[in-house]
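Consider the two complexes below, in which chain A is the common component and chain B and chain C are the respective partners.
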Partner chain A sequence: MSQPVLQVKDLRTQFFTDDGVVQAVDGVSFDLNPGETLGIVGESGCGKSVTALSILRLVQEPGRIVGGQILFRGSDIVKMSEEEVREIRGQDIAMIFQDPLSSLNPVLTVGFQIEEAIRAHRHVPEKMALSEAVELLKQVRIPAAESRVHDYPHQFSGGMRQRAMIAMGLANRPSILIADEPTTALDVTVQAQILELLRDLNRDLNTAIILITHNMGVVAGLCTRVLVMYAGRVVESGPVERIFKNPQHPYTWSLLQSIPRLDSDRHDRLLSIEGLPPDLIKPPHGCRFHPRCQFKINRCLSDDPVLMDVGPDQEAACWVTMRRALSKNGEQLA
Partner chain B sequence: MPDRAPLVRVEDVVKRFPAGLGATVKAVERVSLEIYPGETVGLVGESGCGKSTLGRLITQLLPVTSGNVFFDGVDLTKLRGEKLRQKRRQLQMIFQDPYSSLNPRMTVGDIIAEPLENFGLLRGRAKDQRVQELLKIVGLNPYFNNRYPHEFSGGQRQRIGIARALALRPRLIVADEPISALDVSIQAQIINLMEDLQKEFQLTYLFIAHDLSVVRHISDRVMVMYLGKIVEVADSVEIYRNPRHPYTKALLSAIPIPDPEIQSTRRIVALTGEIPSPVNPPSGCRFHTRCPIAQLPTPCADQEPLLEEKARDHRAACFFSEKVPVAV
Partner chain C sequence: MAALPGIAQEVIDETLAREQTSLWADAWRRLRRNRLALASAVFLTLLILVAILAQFWTPYSYFAQGIGPIYQGPTAQHPLGLDNFGRDILSRIMLGAQISLKVGIGTQVIVIVVGVVVGLLAGFYRGFVDVVISFVINIFYGIPDLLVALTLVLLLGRSLGIIIFAIAFTQWMNMARLVRGQTLALREREFVEAARSGGAKANRIIFRHILPNALGPIIVQATIGVPMAILFEAFLSFLGLGVPPPTPSWGAMAADGFHAIRISPHIVLAPAIALSLTLMAFNFLGDGLRDALDPRQKR
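Up next, the complex of A and B:
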């Protein structure tokens, strides 16, 4: 086993608002191995994006990292100076966002913005930067890259803009690419193209990818390992096959049961998770999922579960776990 | 489909928008369709295909450029003023964004009561009672009628939108992406609610969405649109099992299935490029520029395929529909 390229340990990020302290990320830990594709899934407000932003120290006021470590090749990003972080950003760890239109500068050509990304970290003559930009656009399969490099963002379609963002992210051959909902704003056929591109880049360049998404299907197609987040915490993690086949946390299980699938019986009624995600200023006592959990026991109301081994390489933070919950109901697991 | 009279019959409807500099957006081009009482028809397609415009033409929120929209046998495009207004009671819409479709300065009770007042149906206590009943029907606390929209979550707001749509006891509800702005765990709540309401009130739905897995789940029949045209119509089980248009096939194969094992063995029919502009759609079959099985230039680039019966209750607009590979 190689050394993890990134280790997040007990990360806590909070937002100090007028209404109180929002515990957006509350004790998140995970390792990322070189070349790995890790999916972080959860609903809005679960802390998945804030986790990603914390890794690059991009959390905006009134948010602050209040605890934990983010070790990139052994050195702690949380403790670095602003300058040191800037060295890492874009060079070692790059990030792409959901909305490529608002992440690109509308008054600069796409090529110029890619060159900027190159020259921010390397002393490259202008001409060479341009030809590198063209190469990068080719790599993300922009047709007629030599002429499109001079286009402005508005001349690109949504899918092409996301490709351009990926090209920019790859400009300095980062070891980690964080993609925050990279296909959410795109149509399905374009989403399929972007996912294929990310898969190829991961394979060809061995770039580790952290994919942040609410879409379980997207995770199934791209990732080898998954973290499921709920209310600021990791509730389950494990290899993608196990999480989908044998989820042990009731939240993961319910989420998978609540989405209509193309290959399922159409008349199955969807399982609906009643209620709403909790307010993270005053999260519920005990397990944060207990107010919505149909399998809760008394202990869940008062005792906060920690991540425990529930299978090979699989952890879940639950006092009940689906194995027990389902056997009690007489149902069999696969 | 049953030998009943359709509730909605759209005939040769065209909608064009001026796009400046003499250009025209051909949003909907000669579309015909029927919706039968009590069924749910799913209308799918990618952004810009004209599906929302078509929904608004059916509810007459937008006037047609040409063609006819019959509702219960009456041509809505010929009605004006009070007559149209009265007919409209029976067709309501639910919108995608539960944040911008509710007036933030009105209480939830007033929002739901507004259609009742517009038609002078109920007053005073009877009106309040109806509002509370509607809140209960959509699964909200009936005593929330004095609260404002910002006090509710996205899913709850969508329930308010549904209560408003139900207020006039409509027969048809056009739901335009009603769940795509909601979180995954909330989507199922709204889908289940819509299914329950349909049974309870014998509603007919036109369910517009880009997510084919959701559409397949809720619909009896599915219509697929591409660049202003309906390219395929079939029973929702049949269309997934046996797509007869290469675009439907590509769309289906692009949808990720939440199962890594299945996902790793699926073959994606990769479409090159993106949807062409509806200002200047391709000649012949509009899909020919991205189609993996097109025969060029003839016939695909110079003739327009008609939406024809390819199997029982299964229509597709493709010259080579028998060549579309089966099974997703």
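Up next, the complex of A and C:
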């Protein structure tokens, strides 16, 4: 196993609002290996995006990283100076956002914005930057790249804008690309194209990808490993096949149950997860998922479960599965 | 992308490469449809040409007195008549246009430079910087404009440069407040975050990403600010605190004719009409620009 390119250890990001401290990310840890595709899933407000923003230290006031480490090739991003982080942004770790229209500056040409991404980190003459921008647009399969490079974002279609964003992200051959819901604003056929593009880029350039989404289908299509987040914490992680075939946390299981299936009986009701995500200013005692959990036992109300191995390379934070996993091995739960 | 069967790649490329329409081209197209704004623009262009012409040539000398009977009404030789010193009013109006435009545009240049920079800083950095800048802006709003301008003119002298400076001194807050508001809104937009995530430096984000997006409102505000400044200068001159005579300012010319308004109203009327037309033209143009530069009005 090679050295992980990114290690997040016990990351805590909090928002200091007038109503109280929102524990948006509360002790998230994971490793990312070179060339790996990691999916982070969970419903809205579970801390996926804040985790991604924290990695690049882009969390805005009143949010703050209050604890933990983010080790990029061994050096801690949390402790870096603003200038050092700026060097990493776009050069080593690039990010693409959910809505490609609002992520592109409407008054600048697409080419100019790609050139800018190039020249933020490298001293490249204007002519060369332009031809590099054209190359990048070709790489993300924009037709007639030579002329489209001078277009403004509003002249691009939704899918093309997201391609242009990806081109910007790839401008400096980053080792990590963080894609925050890259397909949410696009229609399904374009979604598929963008995912295929990401998959090809991952294979051809060996760029590690962190894909943030609430769409399990997208994860299944692209990722090799999955991190399931709930209420600011990782509740389950593991290889994508294991998570889909054998989910060990009730939340993961419910998420998978709530995907509409083509092969289901038309009279089957689609399962939804009852209740709302918890208030992260005052999270529930014990397991944070227990108010919505169908399988809860008494212990869930009082004690907070930790991540434990529940299978090959698979971890889950749940008292119910933990008891089952332990009893299988003949051990007693402390 | 695979070529579609039966269609040459050039045809596809041709279709895909649509007409280039920048936001500015769009705005120009919309402005042209606004007749009032267009007429104003034509009027102002003529006014600027007259002001330039006045630098080199006027029908008569603007300061030569007694070239005809004083208080004489319009005649063939003197289309706008003569004033209380027997000076040719048309010549003085022409040169007065130059003064008014210098004041109007000069103040707005200062206002733009100061207001935009201050507003960008306050809006982008927020926090302490914003608190201090907003405090200063509010103090400036609290002091009566006329008092500030009068004090400055009395202290520093009555040259054109000082007057421009004094008026800009009372006007920069409008621009600063506008740009601050725009910046506060724009800095939250995703493309700013995207630029930041790409490693762009702060000044690059401010001047490359935020400023161009705020340019529309800035231009409108400056266009509306021009007539305010012209009026202010005319007012100062009317009070006798403007550009020293015999340099003709429309305000001073109106003041000259004021005491004889019953016997020869043309001395007041000529500069008053010139002033009104100019102010209206700038306001209509400003209005037109506001509509043209508003991207929500895509037509």
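Just so it is clear, the second predicted complex is superposed on the first by the 320 of 334 C-alpha atoms of A that agree within 3 Å, B and C clash if a C-alpha of one lies under 4 Å from a C-alpha of the other, contacts with A are read in each partner's own complex, and residues count from 1 in each chain.
The rule is short, and it goes like this: a residue touches a chain if its C-beta (ideal position, glycine included) is under 8 Å from a C-beta of that chain, and two chains touch if they have at least 3 such contacts.
Treat the numbers as computed from the prediction; the structure is a model and nothing was measured.
**Q** Is the arrangement of chain B and chain C around the shared chain A a clash or a fit after superposition?
**A** fit
**Q** In the superposed arrangement, does A:Ser81 touch chain B (first), chain C (second), both or neither?
**A** neither
**Q** Classify the contacts of A:Leu104 with the two partner chains as first (chain B alone), second (chain C alone), both, or neither.
**A** After superposition on chain A, A:Leu104 lies in contact with chain C alone.
**Q** From the overlay on chain A, compute the angle at chain A's CA centre subtended by chain B and chain C, rounding to the nearest 10 degrees.
**A** 80
**Q** After lining up the shared chain so the two structures overlap, which partner does A:Glu116 touch, if you call chain B first and chain C second: first, second, both or neither?
**A** So A:Glu116 only meets chain C here.
**Q** Examine A:Asn298 and indicate which partner it touches, taking first as chain B and second as chain C; both and neither are also allowed.
**A** After superposition on chain A, A:Asn298 lies in contact with neither partner.
**Q** Going by the contact rule set out at the top, does A:Val218 touch chain B (first), chain C (second), both, or neither?
**A** A:Val218 sits against chain B, while chain C stays out of touch.
**Q** Could you look at A:Val190 and tell me whether it touches chain B, chain C, both or neither (first, second, both, neither)?
**A** first
**Q** What is the minimum C-alpha distance, in Å, between chain B and chain C after the two complexes are superposed on chain A?
**A** Nearest C-alpha pair, chain B versus chain C: 6 Å apart.
**Q** Taking the two structures together, which residues of chain A meet both chain B and chain C?
**A** Dual-contact residues (chain A): 143.
**Q** Contact residues on chain A for chain C in the complex?
**A** These residues of chain A touch chain C: 56, 58, 61, 86-91, 94-99, 102-108, 116-117, 120-121, 141, 143-144, 147-148, 150-152, 155, 165, 168-169, 171.
**Q** Mind listing the chain C positions that touch chain A in their complex?
**A** 1, 12-13, 16-18, 20-23, 126-127, 189-191, 193-201, 204, 208-209, 212-213, 215, 295
**Q** How about chain A: which of its residues touch chain B in the complex?
**A** Chain A residues touching chain B: 43-44, 143, 157-160, 187-193, 195-196, 214-221, 240-241, 244-245, 254-256, 258-263, 266, 269-274, 276-277.
**Q** Along chain B, where are the residues that touch chain A in the complex?
**A** Contacts found on chain B: 46-47, 153, 155, 183-189, 191-192, 195, 210-214, 216-218, 236-237, 240, 250-264, 268, 270-271, 273-275, 328.
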